[in-house]
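You will see chain A twice below: alongside chain B first, and alongside chain C after that.
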Partner chain A sequence: MARRTPAAAPETTLPRAAYVLGGNRIPFARAGGPYAHASNQDMLTAALDGLVARYGLQGERIGEVAAGAVLKHSRDFNLTRESVLGSALSAETPAYDVQMACATGLETVVSLSNKIRLGQLESAIAAGVDTTSDAPIAVSDRLRRQLLDLSRARSAGQKLAALAKIRPKDLAPSAPRTSEPRTHLSMGEHQALTTAQWGITQAAQDEVALASHQRLAAAYDDGFFDDLVTPFRGLTRDANLRADSSLEKLASLKPTFGLGLDTPATMTAGNSTPLSDGASTVLLGSAEWAAAHDLVPLASVVDSEAAAVDFVHGVDGLLMAPVFAVPRLLERNGLTLDDFDLVEIHEAFASTVLTILAAWESEEFGRTRLGLDGAFGSVDRARLNVHGSSLAAGHPFAATGGRIIATVSKELHRRGPGTRALVSICAAGGLGLTAILEAA
Partner chain B sequence: MTVVVLPDVPGLGGLYARAAASSVRPRRQTDLPDVAYVVRSVRADPAHLTDYQHLLAESASDLLPAGYVHVLAFPVATALMARADFPLPLVGLVHLSNRVTQHRPLSLADTFDVHATATNLRAHRTGTQVDLVTTVSVGDDVTWRGVSTYLAKGVFLQGAGEDDRSPFVPPVPTGQWVLASDTGRRYAAVSGDHNPIHLSSLTAKAFGFPRAIAHGMYTASLALAGVGAARGDAFDWSVDFFKPVLLPSTVSVRIASAGTAGGFDLAAWTSVPHLTGNVTPTP
Partner chain C sequence: MSSDTYLNLVNSGFTGKLAKQLGLPQPTPLRRFTPGQPLLEGPVLVLGGPSADELAHLLSADWDLDVHRHATPETRYSTVVLGLTDLTHPSSLGAPVLELSGVLKKLARGGRVVTVSRAARTEDAPAVAAARQGVDGFLRSIAKELRGGATANGLVLAETVPVTAPSVVGALRFFLSTRSAFVDGQLLAVDSSAGSLPSSWDRPLEGRVAVVTGAARGIGESIADTLARDGATVVAVDVPAAGEQLVAVANRVRGTALQLDVTAPDAGTRILEHTVTRHGRIDIVVHNAGITRDKLLANMAPDKWDSVLAVNIASQLAINEALLASDDFSDAPRIVSLASTSGIAGNRGQSNYAASKGGVIGMVRATAPLLEAVGGTANAVAPGFIETEMTARIPAVTRQVARRLNSLQQGGQPVDVAETVAFLASPAAGGIAGRVLRVCGQNLVGQ
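So, the complex of A and B:
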């Protein structure tokens, strides 16, 4: 048999850079507040139109728009495309939906910037939206099956038989919940287990919450968000922000999670994120596209790593996946935690931030779980969530990634070339997504 | 001209009731009253705006759709039509056409004044028609101007005129409106226009319609919503109404680029034409 000569290896070239060029979001509202009757499509369209107005994109055909919502009605199968059609962007802008729990927003940034890096796209908009006020409500599974049977029934007898199977208890609607399908524990109860495992105190959690409120309030007062936030329905700042919060006030709140554990319950409404409504967008592009549109690149999206943990069997806490993603990401890029000027760890709960940091600072965890010689490292608190995070801003699940990326990119650009940021977002299902950005 | 300043935008229900009561009196006027109606410092309510936007399949933005401005402003003109010295009976007036010029969009944050007059009383083939001119301004800045033409059938104040509208040729549709039997009730709930001809078959039959009919401004506003963001911030939005849409109904529509002329052509029809018009961006 004739031997073939192996084909010459394709010439490999390093992909070009993909830049964050800007961002826009609507202020985040608390559930049941001023956006109570606004749909996901309304809020996403409002955030997109704000971005369009800010960057002069009226009628512009963007390469692709990707967005998603965690709580999404099945009729919104094309939520992003429908929002694009309702926006001032060109109707010839393609769009697709993404769903990766609370990492949805960051995943749209990562996947679109990769397409830009590969040369498939010149421009893109990454986005996310969520409403817990206008959440879809489904009928019970039994009722759903019976209604489908009824729709297939042909004779009157068959229809009556199908109808007769419906019981009053089947009529109870099933609202979406934040509990894990496999453990039936809410996210808060899961985090309470992790909090207890790492012995995090309420005082430590309240300090994280207070810093979040104070830093976000200071950023608003300094005008930092003037070119990142478009008012909507009367809101000009995030409704959850409490500039006058204090450790005393936070300490007076009663614990809401972990009440059934042997250890002290430490997680309160003050050091947990509230259910929220909101939308965010991030404008991405190549250097060429940015120059052609007179836009200044703020930061480049350098690399990303996802991880997942086996929380189902209690190996790790539900929200601890970033603990594993970041060491892999940094090793691939030859970096350590000390190489970052900014570190953004999404505050699902104050204790999520603290348990992640505790795991990285643990000698034993570093050796046994991360396969290192010792502890992975520590994060200087002065570099952590410098403009506040989800505890103060609120957390409309899929919109959080866009909020963080736009905020941190602007801050990197302010600090100038050579500065670098690490972004970490935990998500339901034991997922975590992390990314590195560098000032452009 | 006398200027009547109303404390608030009046409710349409009370106006219809008053007009119905006064319609039994003989009307002697053959001229329009020389009067303007004014309401100052009007603001939109966010929840009401959201209800309107969702009913019209508009995205719930902070900008007020031009049809929503009509909902807020036109009752001021209706108050003028409900005057005892208005020469045409309010109950039974037919909306023939509506022309709106939006100079810039109003937002939830705007406080605006509404000014309404009646002009151009003139003959029509089947009766007498009149223009209601409503302007909306923020300070001295007119942002929105609407001219609503109404017809009083069978009322001949100045003899009979001609119908100068060209005959309707159904175009290729771009979509359809599936209008349920409660369409009139749903728009009534948002617009405040509870005219019985829109509410149910029974109440519509009392006024000579076989079934309830859709509000003309609802169909006109659906057509405007169909144009989407391409209408821009400043535009002329013009519609002519033909036969009323009997509810329920599935209506063929064409909302498409007008070609080189710019803007969008609008048409809605079933076996008979219901609406034609256009939306043209203005500089």
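So, the complex of A and C:
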């Protein structure tokens, strides 16, 4: 066999820049709404097809597609690859699944852009999807064991014996939960503890929620989402969006979390994200691939940092990991909060945003927990979640990262070279994932 | 799309015989175009004076058709072409027309009669003008006489346009082919020798980039499919709310989807930016997006009037302004706009719609001269009764009657409109400017 000549050395020095070239998502629905009978695969395929249509990628072999879902049925072990096969992309496009709770979507962006930066990929699609309507329901652990015993039984007698062990109470299905396995507290109850710890008021939370609805509605009205969102199953805008929301209406809602605490309960359905269904995608590529496909780079993915907090034993709240990730990320890049034109902090709850900001503004927290001389810094609210965030759009767990990255990348491109964005997403398990993007 | 049950019944077995005995309308299913289809099946008869020689040469030498210069008895002709550009007096019309008379009864199903004549002008000698205008009345009458899905259409050449001009050749081929299945009784003017013949008649839009508004469904969807089939790269535009269907269209034609409200103030610049950035050029814009808000004028709410005018005509004017100002829209560009027979003949309850569609006709007439310097054209297509989701909502009896009110006694298909748009968008149609071509099966209303 002839020896293969080694490939010519790439002209670009590595690592090179990885760019966000665009995105597409379907409108996010509330659980049990228009997507009640749509599966994760249906929604992810639709979001991919919309991306393909927007950027003319029919039959294109993309380097890799990575996506994931937080609530995923075991039969969807190859969810992303199956969705690619059902899409208008080339069937020769490789794909893999990722799961990192609510940080799944951002993690696909980070890992794929790193592969592009290393020269392993020229193009990629980062994505995420979740359905709380079509969530997998498992049988109870006892029933599962007995059914497995039954399948292993050989004689009729053994089969009857295995069947006889099943009790009526075993038949109750085990619905998926969003509560923490180690504390058995729901995410809302965890955040209620953090909210109380930092003394965040309901009024402050409602203001965050109202701004989210108003800004998202304005962006839709301006046509900002015309090239970011493709309707699905009759839904043309995020179902949770309340353009006519007001502080009075929000204040009238009864608290839903933290009712058992000594402090006043402040977290309502209005300042917490609802259970949602949806999917999002982000198109990534090298400068060369973008040029070859007549695509305009919107923003580059500069760096990323993950963090985790010991919410089980320690003093930090479940969703406070970004508080630690961002200072490390900015230190490494020689930046401060003031260097960012846009800051995206995922609104799992309005108080998540407020507790993160409070921790960064605290002199004591800065000194004792972040090892700084004083407070880490503050974020100008005019730069925070400028087109609304999860409180208004809804939060299909793994789809949120893609929504934020595509939205902020378009806004960075609009603002022009030199502008910079910080993205922060908190996640179950005390996880947090953060990233820096720069306008291309 | 609604199906025409009546047409199916009269073309099958017992119900067919019954309909014949009762003297009911006998519509014939029309043959539509597929790539690779032979242009004509059966011999062509070319009648008329010296200009007919040039036409006969084109048909036999260039298109390899079996051309007869005189009627052979008992021959079933697929097509009869009448070269009438040399008429000097109405009396000279008799010879070719009476020769046509002898073969009409044996004309093939789906046959074609095409006249090629000159436009009557005020400066013509009265006898010349009479002869030329006589062709108009003659053509419209035989179109009404023909049966079996056959059509008659005419080309009306400006004085300086030779019969070998690209647009005469292109339009003649369009009228002969199944692409024009539902175009009947129409006289299409050829204004100049501009335009160029395609290297492939099956893919005349190869290398061209086309924008189609309202492309998510119905006629717009069919236009996107047809332009892509003819070789164009298609940018499919529709309102964001129609995005899901738009994705299906864009992915099918391997183009791009652009979600955009055509009434947005920056619609023109966004179309230009997307199309030029993504596809390197912009050659064809098809203004198909349109709405109806039918009301008698006596009951017309202001928003119903305003929205129809805004979508159907004001948006086109604004987009055209951006196109005309752009250096990118300068390589023999084509604007094709959807008018309507309502805009020509009027329609009760459609004063807003008819005003907008009449407006389209005025707009293309005034826009065409602005594009002449760059070899461009603007034209309109006026559909009659077309089987779409929109006409499927018309009450059943009204719908049945509406379908039969044309010479072909049936509704057209979206693809019939699309084929005509594709022809006017083609390089060969460069000499047709500011005109309206009806796709209506020779509807009884209007001209």
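Basically, the second predicted complex is superposed on the first by the 425 of 440 C-alpha atoms of A that agree within 3 Å, B and C clash if a C-alpha of one lies under 4 Å from a C-alpha of the other, contacts with A are read in each partner's own complex, and residues count from 1 in each chain.
Going forward, a contact is a pair of C-beta atoms (placed from the backbone, for glycine too) under 8 Å apart; a residue touches a chain by one contact, two chains touch by 3 or more.
Quantities reported herein were computed from a predicted structural model and do not represent experimental measurements.
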Clash or fit, chain B versus chain C on superposed chain A | clash
Check the residue A:Asp49 against both partner chains and state whether it touches chain B (first), chain C (second), both, or neither.
-> both
Have a look at where A:Asp294 lands relative to chain B and chain C in the superposition and call it first, second, both or neither.
-> second
Touching partner for A:Ser39 - first (chain B), second (chain C), both, neither | first
So, does A:Phe232 touch the first partner chain B, the second partner chain C, both, or neither?
-> both
More residues of chain A are touched by which partner: chain B or chain C?
-> C
Scan A:Leu259 for contacts with chain B and chain C and give back first, second, both or neither.
-> neither
Which superposed partner A:Ala88 touches (first chain B, second chain C, both, neither) = both
Touching A:Gly223 in the superposition: chain B (first), chain C (second), both, neither?
-> second
Following superposition on the C-alpha atoms of chain A, which segment of chain C from the set 258-266, 384-392 or 438-446 overlaps chain B?
-> 384-392
Following superposition on chain A, which residues of chain A contact chain B and also contact chain C?
-> 46, 49, 88, 231-233
Note: in the complex, chain A contacts chain C through residues 46, 49-50, 52-56, 58-59, 88, 223, 225-227, 229-233, 236, 294-296
In their shared complex, chain B is touched by residues of chain A numbered 34, 37-39, 41-42, 45-46, 49, 83, 85-88, 91, 231-234
Residues of chain C touching chain A in their complex?
-> 236, 240-244, 246-248, 250-251, 254-261, 264, 277-280
In the complex formed with chain A, which residues of chain B make contact?
-> 46-47, 50-51, 53-54, 59-62, 108, 228-230
